[in-house]
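Both of the next two complexes hold chain A, though its partner changes from chain B to chain C.
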Partner chain A sequence: MAQRFVSERNLKFLLYEVFDAECLVRYPYFSDHSRDTFDMVLGTAMKLGEEILYPAFQEMDRKPPEYADGAVRVHPSVKAYMRASGEGGWINAMHPYDAGGQQLPYMVFSACGFIFCAANYSLSVYPVLTAGAAHLIETFGSEELKRAFVKNMHAGKWQGTMALTEPDAGSSLADITTTAEPADGYYRIRGQKIFISAGAHDGVENVVHLMLARIKGAPAGVKGISLFVVPQRRINDDGMLVFNDVTCAGIYHKLGYRGAPITQLAMGDNDDCRGFLVGEANRGLAYMFQMMNEARIDVGLSAAAIASAAYYAALEYAKERPQGRKATEKDPTKPQAPIIEHADVKRMLLFQRSVIEGAFSLILQLARYTDMCRVTDGAERERCELLVDLLTPIAKSYPAEMGIHAVSQGMQCLGGYGYCDEFPLEQYYRDARIHPIHEGTTGIQGMDLLGRKVVMKNGKAMALYFDEVRSTIQSASGDDALSACADELEAALKTLEDVTAHLAGIAMKGEIELFLADATLYLELFGIIAIAWQWLAQARVARKALQGNPSESDSNFYNGKLAAFRFFFAYELPRIAGLARRLRNSDGLTVAMKTEYFED
Partner chain B sequence: MAQRFVSERNLKFLLYEVFDAECLVRYPYFSDHSRDTFDMVLGTAMKLGEEILYPAFQEMDRKPPEYADGAVRVHPSVKAYMRASGEGGWINAMHPYDAGGQQLPYMVFSACGFIFCAANYSLSVYPVLTAGAAHLIETFGSEELKRAFVKNMHAGKWQGTMALTEPDAGSSLADITTTAEPADGYYRIRGQKIFISAGAHDGVENVVHLMLARIKGAPAGVKGISLFVVPQRRINDDGMLVFNDVTCAGIYHKLGYRGAPITQLAMGDNDDCRGFLVGEANRGLAYMFQMMNEARIDVGLSAAAIASAAYYAALEYAKERPQGRKATEKDPTKPQAPIIEHADVKRMLLFQRSVIEGAFSLILQLARYTDMCRVTDGAERERCELLVDLLTPIAKSYPAEMGIHAVSQGMQCLGGYGYCDEFPLEQYYRDARIHPIHEGTTGIQGMDLLGRKVVMKNGKAMALYFDEVRSTIQSASGDDALSACADELEAALKTLEDVTAHLAGIAMKGEIELFLADATLYLELFGIIAIAWQWLAQARVARKALQGNPSESDSNFYNGKLAAFRFFFAYELPRIAGLARRLRNSDGLTVAMKTEYFED
Partner chain C sequence: MKIVVLVKEVPDMESKFKIIDGAKIDESQIAFKMNDFDAYAVEAALQLKEKFGGEVIIISAGPDRVTKEVRQAFAMGADWGIHVNDPQIDAGDNFVVSSALVKAIESLGGADLIMTGVQSEDYQASLTGVVIADMLGLAHCTNVVKIDVAADQKTLTINRELEGGLNEVLEMSAPAVLTIQSGINEPRYPTLPGIMKAKKKRLDVKKAADLGVAELGEAGSKTKFIKMFFPVSDHKAEIIEGDAKTAAKTLVDKLKNEAKVI
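Take a look at the complex of A and B:
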């Protein structure tokens, strides 16, 4: 049996009790679904997690992809899982029936994604990348492109990728230099890409790159970037797959996340690489942002999921490992206590839980907004879209950054064993560290939040967000057990308003560098408050449930929820005081720091 | 040439300008030394670091120790470095001439240790462990034991270890079960030890374990623990080294720190393991604490040193890597800027520097107290001893915990490359993670600080510590550029006093579990303030130096110091607000948390 990596009880609590996923089935778009179909989908996901994903978790790390002569050999589970994902309809599950999908709510799909990532993050990414790439073609591509590529991608036969980064353009997409020269019905592509996840491997027949490049003569910077489909192998006139002059030049050896090959690609070495324009020329970055935003939320989900797996490994150890005695027990002949009885260990476990369940709740909150976008229009739809836009950098970065600390505390629960590879914590610790880096570093997310999202549409998204949080505060403030925390959240919101106004004042004076200098801290402050909001919402549900005479096991679950909620407000929310203090002090310390002062 | 891993300029700044190491030579004990001999020692350490340690840094990680049939094969550098350490007098450098040492100040030796650990942490531990073990024999052992073991240990021919941990007694030494049965001039040892660093390897002729065991019939708990010398091979009547029935049963495969074998040992499988009692029976734990306290400070030093190496790798990258443009530069045809010009990257670099140089300053502060213990007596000596005792858990845990964050921020500066093994950051990230675990976890350090050190002798050490910090505050408050920070440090001290009094009140009521429940947070709060103290002391020196028309390069150095100082006060010290808020709220949240609430 697989070690436990996720709590189905918690997933269902969030889906049904907090976010009322069932309410969606009242809308025609989701009307074929029901709680039963959702449960069935979750059950299937658990089965996949336990039978295909988790069993390969450790081995894919110990035997990472191998590169030789342009080919990348991956673990056999990749082929099996891509096939299972295709056959099970997972790659296209959220899309409309007429695009071959199942119109599954994003909320339910996110819960499944959480299971997959917790079971084996490296393996989980292959179909997810494919889904994102296929979705780009579906949304912006011509009918011909759709016919040529999407079906095999949805079937799990062809891998999809997101090919952005170049040797001299990582975080700075304005500087990509891959070129596209118009030819007869296609573009001739030349250039290099690096850090392309699953950019070549033998678990599929073909790899389809959704690639950014510049059409010759296009404007400099981001306004001259176009999006192309660049397959590793193209279909020739006889309907055969032939080499398309996309070569894998190597793979990276990484700290973790080792089951997925991160590749370097060279296009057009033989001047025979064909790419196919997606949508209009020079609009590539806007198109790609659709995939990037999905990918960013998915990073947050993955980070929380890895931390979940680490938490359950730590919890199991803490329950079974006897060590030491309570501070009040001085008799050394008494048996040792399981370490879960030590307050400091409980603190570490509650910390993990408060991060993981708070973060995943925020992910589901965004999924709920996304689902509502499909079934509403006009102002309500715009509201949901704006909230997703605003909260995407938080949903990416809070789990990414705090997930590392959660995993680290999980490792700490195991002491020396946590550092050794006979337990899985050390692998989770390595795997988790990718998340603040890929799909836009935490620094980039901070600038996106403060420099773009907070100020967009004159702060409309922010205003909508405050309304959302205040609505939760109001609904909780009638409960005596929650009202103190509701007040604290209101005070935190005021702090956020205050800090935002202070920073906006700097922006108004045109001091843009100073305005953005501590954007990473602003992101952290914003994130802590967003998670406090999610905990208050969960606590309200748990309180109500406890009033309804729950079973003993339900009662334990809800009491655990309330403990994690109180923990977050007692230990985590107070951290905003230090952050706010710094953010209010715009002394320009880092802006003014001269490069030569780093010399000595 | 080795990549840079340490700043000699900073080491000398701290040694000579902040801590006035030269003043020691006025005392007879250190009177053979001078600034010249100190500089020569430092130069030799740099040479060792660059020529022996750093060149093996990566390879020892990639080719970790191999275990087969009871033997452990280590990298050939181990033998070379142990020999060099013995021949160079490093293993015994700090000890008196009559014990074969060089009477080198601990301050100077610490600076050398920092160089060694930064160059190659795994390799650095072999002689350090040997020194600690030999020192235990010298301090508490009989003349016969000294004659039999110490010389070969000081020569680097025999490895020393600290053999405490057992399968069922990690953090709980009260529960060790290894037994010692009196025999003819020795004790017959039976038992198992785990996680013993360098417990067996082929880089030396013999391994000498300083081992805790219970003499048959001894009282239960820590009062029945005795200390033994248990060599892997003993000298027989013919003066030959013969097997002493200590078997290495295996080694651990670890996240990092891979160059040093962490072993499992079995003693007395053939009923022929001889151990030799050190000092008196049942006083073993008190003796061992000498070595543990040294080892704990050494962990802090190592953690800061690894972070130093990571910092210089990140700094070098940041200076050379062009990526993006300033927020104010909208023209994409302009060349990209080196990332060190981005405020967020400067923030990450200053963070690292503020942690590393603040932490190592505290280590040297303790080294200075230790040196003063050798040349003073009476009240002054007691004062220095108490300050070392009080601050040891801080000197261990602050660098251990914050060093991880510093290394992680270094990795973040490199983006995707930081995650790949073509740069050294990923190895530093793995290596650094051991420090909050070994030589007493952070949780143990917190309980040691709050439950033992703060309250010892009616709070005498605390009072002495406050005097020390306030003396620094007073000397800085006359400088207009420092007085605001001096005031902030005074306010922080008041917060610490306040929190301590609150917790002491709980202890007085006998609620010991509640008193200690957040000891880890208390440790963190205490640590941040201690590092702020060290930064204020450094800033005062830098300010004075800048007033004396320094050279351009000195001016850059001192201005960099002031920037890191201001950074610490602006970004790190404010974190105490959130910690204090939690510590003042003794709601017993974790104490009350029931184990069954973790079920779901």
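Take a look at the complex of A and C:
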């Protein structure tokens, strides 16, 4: 049997029992679906995970991509998986039928994505990047661009990328310098990009970069950025693929996530790189944000998924590793106990679960709002959109940051073996570390949340969010076993309101640097409370289910849920007190710190 | 070609098995799936259809939940199916189930090829294909690892797997029954468009009465079920307790007197 990397039981609990994915089929858009189709889709995803993705998990790390003479050789499973994703209809699964898709709800697709990422994160990214890039062309590109590129991308024959970062422009995309000069029906692209995931490889016939560049004479800053399709090989008049003067100058050697190359690209070395404008000039960053927002939620999903795989590896080990005896056992001739019987090991396992299942629940919550955006309009649609916008930085950063801690605790469960490469924990640890960095660092997410999302539309999104959490609190407060935690969550919301008002006061005074100085801590505080909300929602469902006389295995499952829920409220939620204390103190410690003081 | 594939649902072998009253498995604790060997049969049928045209018809006997497995075969590309759904049939032995499947095949006016997995993962009787061939008066071949169908769509060249890593090659002619061994091909994954189409494909539900099956339940069976149990292993390991000296003494004593090896 392949190593277990997810709990299907948990995926179905969240999908069907907590988020009622089946309710979507009442809407005409999703009406061809049913629980049966959802289950069959999930079952197929599990098969792909077990049979294609997981078997290559370790080998892709040990034999990372190789660069030679401008070409990048990747593991053979990349080609197989891209093909399976294309032929299986996974790359455009959520699209409408008339765009070749299957109108699959985002919730179900997210559960599949969780399976793929947990099975092999590096391999999972290739089709996901392609889907995002193709979606940009479909949404904003001309009919001609769609015809030329989208089909082969959906078929998994051509790779898609998002090409934003440059040597002098990472977090600050306003500073990109790649240029685009109008020519006859296209733009001549010149410049350099770095860190571009899957930017060149031999698992596909062609790579299509969705690239940010400045049209000559465009205004400075973000207002002068445009979006281009820049294929690695362009189609000439005879319909042949020919070199488009995009050269891969090298790949980076990285800590983890080694199965996917990040490339350095040079455009226009021979002055013959053609780019095709997507949508209107100078609106590129706004367009790109569509893809980036999806990608950010996806990063959160992947982070939780890697932590899930680490958890199941740690769990298996903890059940089998005999070491030490119970504190109460004084007889040294008695056999040693499996470490899972030690309270401290149980604490580590519960911590992992509380992070993983809480985080994934939040991801599905966002997926649910997104699905509702599809089938509603007017005020309800706006409500869902605002909630997705507000919660995206949380859904990215909480799993990204806490996923690392969860994997670390998984490694801790294995002791010395956790640190050695006979077990997968060290790889999960390395793989997980990327998530707070790409798609906007945690620092950038903090500023996005506090500086933009919380205040957008005069705080409307924030007010809607509070309503959402309070409605969960209300529905749980009638249950004696949950009411104490419901009260704690209410108190936590008050803390968040308080801290937010305090910070808003600073912003009103125009002290913007001070206002944003601890935005990362604000993000952390907000995140912990959002996960507590998700746990209360799960606990409510578990409590109800336990009253219905479930089978033995279901009863174990629901009791496990309640234990993880109580753990989160007992061990994690209290951390907000320290964060709130710091956030309420606006002494400007970091702002005042001088660069010189860091020396020696 | 008109190809019938018989598909059976089996418990996922990773499930926790519990026996109720020494008579049956506690199904509430079990996840079900398509018999792996049958997936190879479905794939083999689909490949022949791709080559020669025609249709692939799935027949499965079992309770309501079996539709899941039939639709799985539909999602892979099979055309339509018959679900033999009657507790009276499920309560019978292999002979009863095979008789019902034969009636279902006859209701189609026969087929060019009938394929099954070589065995089911749970009961491992390897009987259904053979019994059906006998009842239908057709040639059959078991343990099939390669199928070549000539242009006339009648002449079959079949490789069978034997023990000792050997294969034998036989020629036979359609109509025939083939029981398919694992590894003959790589069963395709259902595609998402396939899954959506599967929902809409025709699945006829038939009771014993609809098919005119006379042999039902225990009465129609050729064998009588007595009980089901987990065998207790005769080989038991014993841990000898105590300090090294006493333990060694006990060990020598046991080797001498109980095992009688020294």
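One rule holds in what follows: the second predicted complex is superposed on the first by the 599 of 600 C-alpha atoms of A that agree within 3 Å, B and C clash if a C-alpha of one lies under 4 Å from a C-alpha of the other, contacts with A are read in each partner's own complex, and residues count from 1 in each chain.
FYI, a contact is a pair of C-beta atoms (placed from the backbone, for glycine too) under 8 Å apart; a residue touches a chain by one contact, two chains touch by 3 or more.
Model, not experiment: these values are computed from the prediction.
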Exercise for the section: Check the contacts made with chain A and report whether chain B or chain C touches more of its residues. Expected result: B
Practice task
Using the touch definition from the top, say if A:302 reaches chain B (first), chain C (second), both or neither.
Solution key: neither
Exercise for the section: Would you check which partner chain A:594 touches, where first means chain B only, second means chain C only, and both and neither mean what they say? Expected result: first
Practice task
Quick one: classify A:361 as touching chain B (first), chain C (second), both or neither.
Solution key: neither
Practice task
Kindly classify A:370 by the partners it touches after superposition: chain B alone (first), chain C alone (second), both, or neither?
Solution key: neither
Exercise for the section: Using the superposition on chain A described above, determine whether A:44 touches chain B (first), chain C (second), both, or neither. Expected result: second
Exercise for the section: Determine, under the contact definition given at the top, whether A:519 touches first (chain B), second (chain C), both, or neither. Expected result: first
Practice task
Would you check which partner chain A:553 touches, where first means chain B only, second means chain C only, and both and neither mean what they say?
Solution key: both
Exercise for the section: Identify the partner contact of A:333: answer first if only chain B is touched, second if only chain C is, both if each is, neither if none is. Expected result: both
Completion exercise
Dual-contact residues of chain A, meaning touching chain B and chain C, are 333, 553
Practice task
Give every residue of chain C touching chain A within the complex, in rising order.
Solution key: 14, 16, 28-29, 68, 71-72, 75, 189-193, 195-196, 198-199, 241-243
Exercise for the section: In the complex, go through chain A and note every residue touching chain C. Expected result: 1, 32-34, 36-37, 39-41, 43-44, 47-48, 84, 87-90, 93, 102, 104, 333, 551-553
Exercise for the section: Please give the residue numbers of chain B that touch chain A in the complex, ascending. Expected result: 7, 9-10, 165, 168-172, 174-175, 194-195, 220-222, 252-257, 262, 315, 319, 322-328, 332-333, 336, 338, 340-347, 349-350, 353, 404, 408, 411-412, 415-416, 418-422, 426, 429-430, 433-434, 436-438, 441-443, 446-447, 451, 512-513, 515-521, 553, 556-557, 559-560, 563, 566-567, 570-571, 574-579, 581-582, 585, 587, 589-591, 593-600
